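First, the structure itself, so that you have it in front of you.
Labels for the chains are A, B, C, D and E, by order of writing; each one numbers its residues from 1.
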Amino acid sequence: MTRRAAPVLACIGLLAVWQIASLALKSDSFPTALEAIRTIPDILSDKESLINILASLRRMAIGFGIAVLVSIPLGLLMGRSQAVAAFFNPLLMVIYPVPKAALMPIIMLWLGVGDITKTLVIFLGVSLPVIYHSFEGAKAVEEKMVWSGAAMGLSPLQRLIRIVLPAALPEIMTGCRTGLVLALITMITSEMIARQSGAGNILFNALDMGQYDTVYAMIIIVGAMGICLDAAFEGIRARLVRWSEPQFDMPLSFS
Amino acid sequence: PSRAQQTIRVGWTIPAEESKYWMMRRPAEFPDIGKTYNIEWTQFQGTAPMTQALAAGALDCATQAPLSLANGVVGGNLKAYIVAQHVFEKPGGFSVYWAVMDDSPIKTIADLKGKTVGISVIGGGTQGPFNLLLKQNGVDPAKDIKLVEVGFAVSEDALRQGRVDAVNMNQPFAARAEAKGGTRKLFSLSQAMPNIVHILEACRADFVDKNPELVKAYVRDITSGMKKALANREETLKVVNEVLKAPIPVLDTYLLKDNDFGRDPGAAPNFPAIQKMLDIYAETGMLPKLDVAQFKHPTIVAPLQ
Amino acid sequence: MKVVPSRSSEWVRPVTSQRPASTIIDIDRVSQVFQTSTRKDHLALSDISLTIEEGAFVSILGPSGCGKSTLLYIVGGFVSPTSGTAKIKGQPITGPGPDRGPVFQEFALFPWKTVLGNVMYGPRQQGVRATQAEAQSRMLIEMVGLKGYENFYPKELSGGMKQRVALARTLAYHPEVLLMDEPFGALDAHTRTRLQNDLLNIWERDRKTVLFVTHSVDEAVFLSDKVVMMSTSPGRIREVIDIDLPRPRRRNELLLDPRYQKYVVDIERMFDESDEVESPS
Amino acid sequence: MKVVPSRSSEWVRPVTSQRPASTIIDIDRVSQVFQTSTRKDHLALSDISLTIEEGAFVSILGPSGCGKSTLLYIVGGFVSPTSGTAKIKGQPITGPGPDRGPVFQEFALFPWKTVLGNVMYGPRQQGVRATQAEAQSRMLIEMVGLKGYENFYPKELSGGMKQRVALARTLAYHPEVLLMDEPFGALDAHTRTRLQNDLLNIWERDRKTVLFVTHSVDEAVFLSDKVVMMSTSPGRIREVIDIDLPRPRRRNELLLDPRYQKYVVDIERMFDESDEVESPS
Amino acid sequence: MMRRLLSANVMFGLAPIVLVIALWQGLVSFGFAPVVLLPPPGVVFGRLLQQLMTWTFQQEIAATLIRLFAGFAIAVVLGVSLGIAAAASPAINAVVRPIVRVLAPLPKVALYPALLLLLGFGHGSKITLVSADALFPILLSTYYGASMVEQKLIWSAMAAGTPRYDVLFKVVLPAAMPSILTGCRIGLVISCIVVFLAEMITSTDGLGHALVTAARTFQAVDMFVPLITISLLGLVLNASLGAVRSYLLRGFPEA
C-alpha cells in the first residue's frame, strides 16, 4: 500500500516544496506550482500544442529506437574485442563532448533544419549511455559462459547475440534507462535553437516571451511523460531481467 | 518550375514580425501563399542562428538584425538583399532602454561606472548604440562596467533581485515592468540615434537572382501582411496571440500602441537609418565600414503591390 | 598391476609427426604463464606432455592449484598455451568446438535460462528439433535427479544442483571429448555414485574420450583407464598410471578387489611422499 | 556405539523456555519457503528442530538440494525463516554477527581485495591493529598452504585456492560459532586432510562450536560429535547420530578403529536405504 | 609484449581520429562545406596552438575547467551517495525513486533562467546546471550497480562484524564500482556538453562564451578552437578516467 502511494506522495511533496519556494521567492519568473498546474489544461486542450508534443514524441521514439539498435551491437563488440574498443573509444570521446548546438550551422548545411537534424541530436544523446553500459556490461560477462557457448559450436557472432547480449542485459538495461532520460531531455533541447513544431518549441517560446506558467506547465508535462515512459520501461525491464534480480533484499535496511 | 522551386524556406523569430505572423496564420487572406508558392517556416532563437542558416543555405529568407546580417556578410561570405523591414524605433514610440530600480543611486549614464549592467546579447544589435552612449558619457564599456548577458525575458527579475544594477528592456517585458512599477528608465537607444532599425527581412542573393518572381510574390505578401496588421488591430492581437501564446490582455497593453516600436505601413526598409547604424558599429569597432547599397535589390524591395 | 612411472621430462615422443592411429589429444611441451595484476609472471603449467587415446577415460589428480583446470582450458581451446602445442586428431587446437564439451568447475550456467533452457541450449544449437531436444533434455534432467526442477532458474538451485545441470548441459550435445573439471565435487556420496555409474554407462555406450579432473583417488581409479598425477609449483606431470582393471566395472565388486585397493593406496602414498609446500614460482 | 535416532517429528523439547546451560544454538520448528520466479512456492526446509551444544562439532550430511545451505543461512542470520524460530544463546537470531562466522559454498571472496586483504578484513573490522592483523593473517594464509599468494587477486586463484582463502578469512576473526558449508569440497585429499587436522586443532584449542556441512561421511564421522542426517523434498532431519569416539582423534589410528568403520558403514547404509527420487514440493 | 600491445591500441585509437580529420579536410578541399562555416583543420589547429599560448585563452579554459570539475564532482558525490542509499534502504528508496523518476527527464536548461536569478551569473548557476545534468546518469548506474551486489559478499562482511552503515562503504561501494564508473564516464561527457551549453547561453568567460562570440561574428576559425579544445579535453579526461578505472577495478575479472 505504502509502496503504491509513495510515488504519488513524492510528487505531491515535490509540488509542495515548489509551491512554498515560489511563494517565498516572489519572483515573476518562478510561478507557483498551482499557477503552473492551472495552465496545463490550456496547453493540452489546444490541438496545435498536442500535435506539437506528438511530433516531438515521434522524433524521440525514432531517435531512441535507432540509437538502441545501433549502440547495443557497437557496445557489445567493443566489450568483447580489445581492438574494436581501442578503435572506437577515443573517437567517441572526441565526438561526444562537442556540444551539438555549436555544430548546428554545419549540421544544417547538410541536413537542413528539419526532423533529421533533431532526430540526430536525440540519437547522439541516447547512444552515449547505451554504448558505454553495453560496453562495460559485455566486458564483465563471465568468460566461462562464453566458453560454454563456444564449445557448443556457436560462432563468434552467435556468441555475441545469444550469450553476451543476454548476460549483459541487466547492465544494458541500465544504459537504456539513462538513455530514455536523456532522450526526453534532448527531445526538448534539440528544439532550442531551430524550432519547428515540438514540445521544446512551446517551452522555449514561452521562455522567450516570459510566459513562465506555460514554461513550468510544460516542465510538468515532460516530467509526467518521464514517469509514464519510465513505468513502461520498468515493466519491460522486470520481464527481461527477472533472472538477475537478487534473491533476497539487501539486508541493510535501516528501517 | 518544379514544385521544389516554389517553396521558400523562411526563418522567423519572436516577438515582432506581425506581417509574417499573418501570413502564417491567415494564409487564406493572401492571394499567393499556398497557391503559387509555399513557405516552409522554421523558427529560430534570435537572429544570429538564422544568419548562419542563411550562410549555410539552409534558409532562403529570414528575419535579420542589421548587425547579424552585416556579420554574415563580413565573416560568412553571405550575399543577401534587404527586402523588407519589420520594426524600428519611431521617434515618440518605444525605444529599447536601460532601466534601474527607483531607489537606485544611479542617476546618469556616468554613474554606471563600476556597476554590473545587463544586456540581452553581448555583441548583439543593441550594443553598438549602447557602447556609443557610454563612450559619449566617459564610461569605457570594456573596462568600467561589468557586462553580463541577460535575456530580455529575465531582465526584469534580474534587476529586481539585484543581480544587475541596470538592464535593458524590450516589449512586452517593459510594459509589464512599468505596470508593476518600481523601476525607472535610465537612458534609451534613441538617445544615440533616431529610427534605429531592429529587425528586417533579408533573402539570400543567389536565391533572389534565381527565383525573382517567387521572392517578389513573397515580398508582396509581406507588404500586404504589414498593411493588414496595422489596419486590423483586433485581428492582429488574435494572430499574435496564436503565435506567441501570450495572453491578449498582455499584448493589448502595448502592441501597435504608442509605446510600441514603429512599423512602416509599406514595410519599406529605411536604408539611410541602416547605413547610420552600420556606421555606429564601425565607429565602436564592432564591424569594418560597410555600404548599405550592397543590400539593395533594384526592384525587389517592399513595398511591392 | 602395472604402474608406469613416466616423468614428463623423460617422456619420449615418436619422431614422426604422424600421430598413432588411436591418439586423439596430443599435448606437447605445453607451458602456461599468467601475468598477475602485480605485473609478475606466474608459471602455472610447465612443460606438460601427454597423449590421450581415442575412447580413453583419463583422470587428472593433483594438489589444488597445480594447473588441472588450466590444462583443461588448453585442450578445450579456450586458452592458448604460452609455449608448446596442443593437438586434437593431429590438428593444432585453435579454439573451442562442439567436439570437446567442458563441464566447468564453476558451472557457468546461463543465468537467464531455466534448467530446461540450459540443457536444451546445446542440442538446439546443433540443429536438433525443439520437441526432440526437449524430450532428450528432460531425460537427462531426470537422469541427474532434477526432475521437477525444469523451470527453476540457476539462482534458485543449490550448489550441487547447479553442478548437475552443468553436467546435463554438456552431455546433452554429445561432444566426442568430455572435459570435466570436478564434475561431482559438490555432490553427496549417493548422488555421486549414481552419476558415476551413469557417466560410465554413457562412456561405454558411446566410446567417448573423457578427461576428468577429480580430487578423489577412489573415483579416479574406479573410473579411469589412466590416471595422470600432477604436482604443483609449477604444475608438472608427476606420474601417469595405467589402471588395469576389468570393465565393465561394478562399484561393489571393485571395492573388494585387492588390485583396486592397491591402486588407491599406492596413489595416495605417492601424494603423501611429496609433502611439498606450495609457493608461486 | 550409540546411534540415537530422533526423527524431528518425535523430537521432544523441554517445556521450560530456559535453555539448558550448554545449548548455544536452538532451532525450533523452522520451515523455509522460497518463491520461485514462476511464482510457485517451494518448500526447502520443513519443520526443522535441532539444538547444538556449546563447543560441539556438528556435521550436516544430506543429499544435494536438501536445504543444508539454507539451514546455515538461517543460523547465520542472513535469511529469516518463513516460520519457526532460531535462537543463539537464548536470543532470537535477528541478523548476522561476528559471533557466527560463515564459510560459504561459493566462497564469496571480495574481488577487489587481494588474498591478504580478504583475510585481514575481519580482524581489521574487529579493531585489531594493522600490523598485528597482517601478521596473524599471514600465518593463516601459510596454514592453508597459500604462502606466496598473498598479493594475488581472487580471479587469479584456482577453485581450491579460493576455497582456502574463504576458510582463512573466516578463521581470522575468531567467531565463536563456525558455519562451514562444504569448506573442503574443492580440495585434494592431501590438502583436505591437512586442513581437517588444522581445523580440529583450532577447535580443540578454542572450544568453538562448529556447524559443518559436508558430503563425505568419512569426514563427518572423523570430525564430529554429532552427525545430522537430512533427507530431501522437503528438507527434513532424518536422524541425529552421536559419534562416540575418543578425542583427540588421529586419522591413521581412527581408520583402523572398528567403531569408526561401523559409523561410516551405518550412515552410508542409511542413505542408501532411502533411494528417493527428488522432486520439488 | 604488454607495451607492444599498448602501442598497437594507441595506433588503433588514433586511426579513426586521423580519418575524421582527413574527412574534414576533404569536405573543405572538395567544396562540400564553405570555408566560412568549416575552416580547414590545419588552420584551426594552428590557431589553437597560437591561442594556447595566450593568457586570455588559458583563462577561458581555466574558467570552464573549474565549472566542469566542480559540477562533475558534486554530481559524483551526490549521485553515488544517493544511489547507494536508495539501494540499501527501502525507506530512502521509496522517497528517492519517485523523485528521480520525475526530475531525471526534465530538461534542466529550461530551469537555467531560474538558476541564474537564484545563484547569479557567476560560477554558481553553471556549476549547478552541470551537476543537475550529470547527476542522474551517475545516480542510476550506482543504484542499479548497488542493488545487484552479490548478497554473500554483504553477508560475509556483516558476519565479520562490519556495522550496517559501514557495509555500504566497505562492500556495496567497491562491489558496485564497475557500474558507478560507467555512470561517471557518461556523467563526465554530459558535464563537458552542459558546461559549454551554459556558457553559451549566458556568460562572460569560458570556452563556451568564446565560441558564441566567435559564432555571432562569423569567426569560424575562432569558433572551432573551443570545439577542438573541448574534444581534446574529453579525450584527456576520459583517458584519466580509464586509468582510474583500471586501478580501482584491478581485482575484477573485467579489468
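Basically, a residue touches a chain if its C-beta (ideal position, glycine included) is under 8 Å from a C-beta of that chain, and two chains touch if they have at least 3 such contacts.
On a predicted model such as this, the values are computed, not experimentally measured, just so you know.
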Highest contact count belongs to the pair A-E
If chain centres are mean C-alpha positions, then the most distant from chain C is chain B
Between the Cα centroids of chain A and chain B the separation in whole angstrom comes to 37
CA centroids of chain A and chain C: separation to the nearest Å works out as 48
Multi-chain touching residues of chain B, meaning two or more other chains, are 52, 55-56, 151, 153-154, 157, 161
Within chain A, the set of residues that touch 2 or more other chains is 27, 29, 105-106, 109, 142-143, 192, 204, 207, 243-244, 247-248, 251
Multi-chain touching residues of chain E, meaning two or more other chains, are 34, 37, 113, 117, 151, 155, 158, 215, 250-253
So, in the complex, the side of chain E touching chain A is made of residues 8-10, 12-17, 20, 32-34, 37-38, 87-91, 94-95, 97-99, 101-111, 113-114, 117-118, 133, 136-137, 140-141, 144-145, 147-149, 151, 154-155, 158, 164-165, 167-168, 172, 178-179, 181-183, 185-186, 189-190, 192-193, 196-197, 200, 208, 211, 215, 223, 226-227, 230-235, 238-239, 252-254
Chain A partner, complex, touching residues on chain C are 73, 76-78, 95-98, 100-102, 104, 106, 108, 110-113, 121-122, 125-126, 153-156, 169-170, 173, 175
Chain C partner, complex, touching residues on chain A are 142-145, 147-148, 150-154, 158, 163, 166-167, 169, 241, 243-244, 247
Per the touch rule above, chain A residues touching chain B in the complex are 27-29, 104-106, 108-109, 112-114, 192-196, 201-202, 204-211, 214
As the complex stands, chain B meets chain A at residues 9, 14-15, 41-45, 49, 52-53, 55-59, 151-154, 156-157, 160-161, 172-173, 176, 244-246
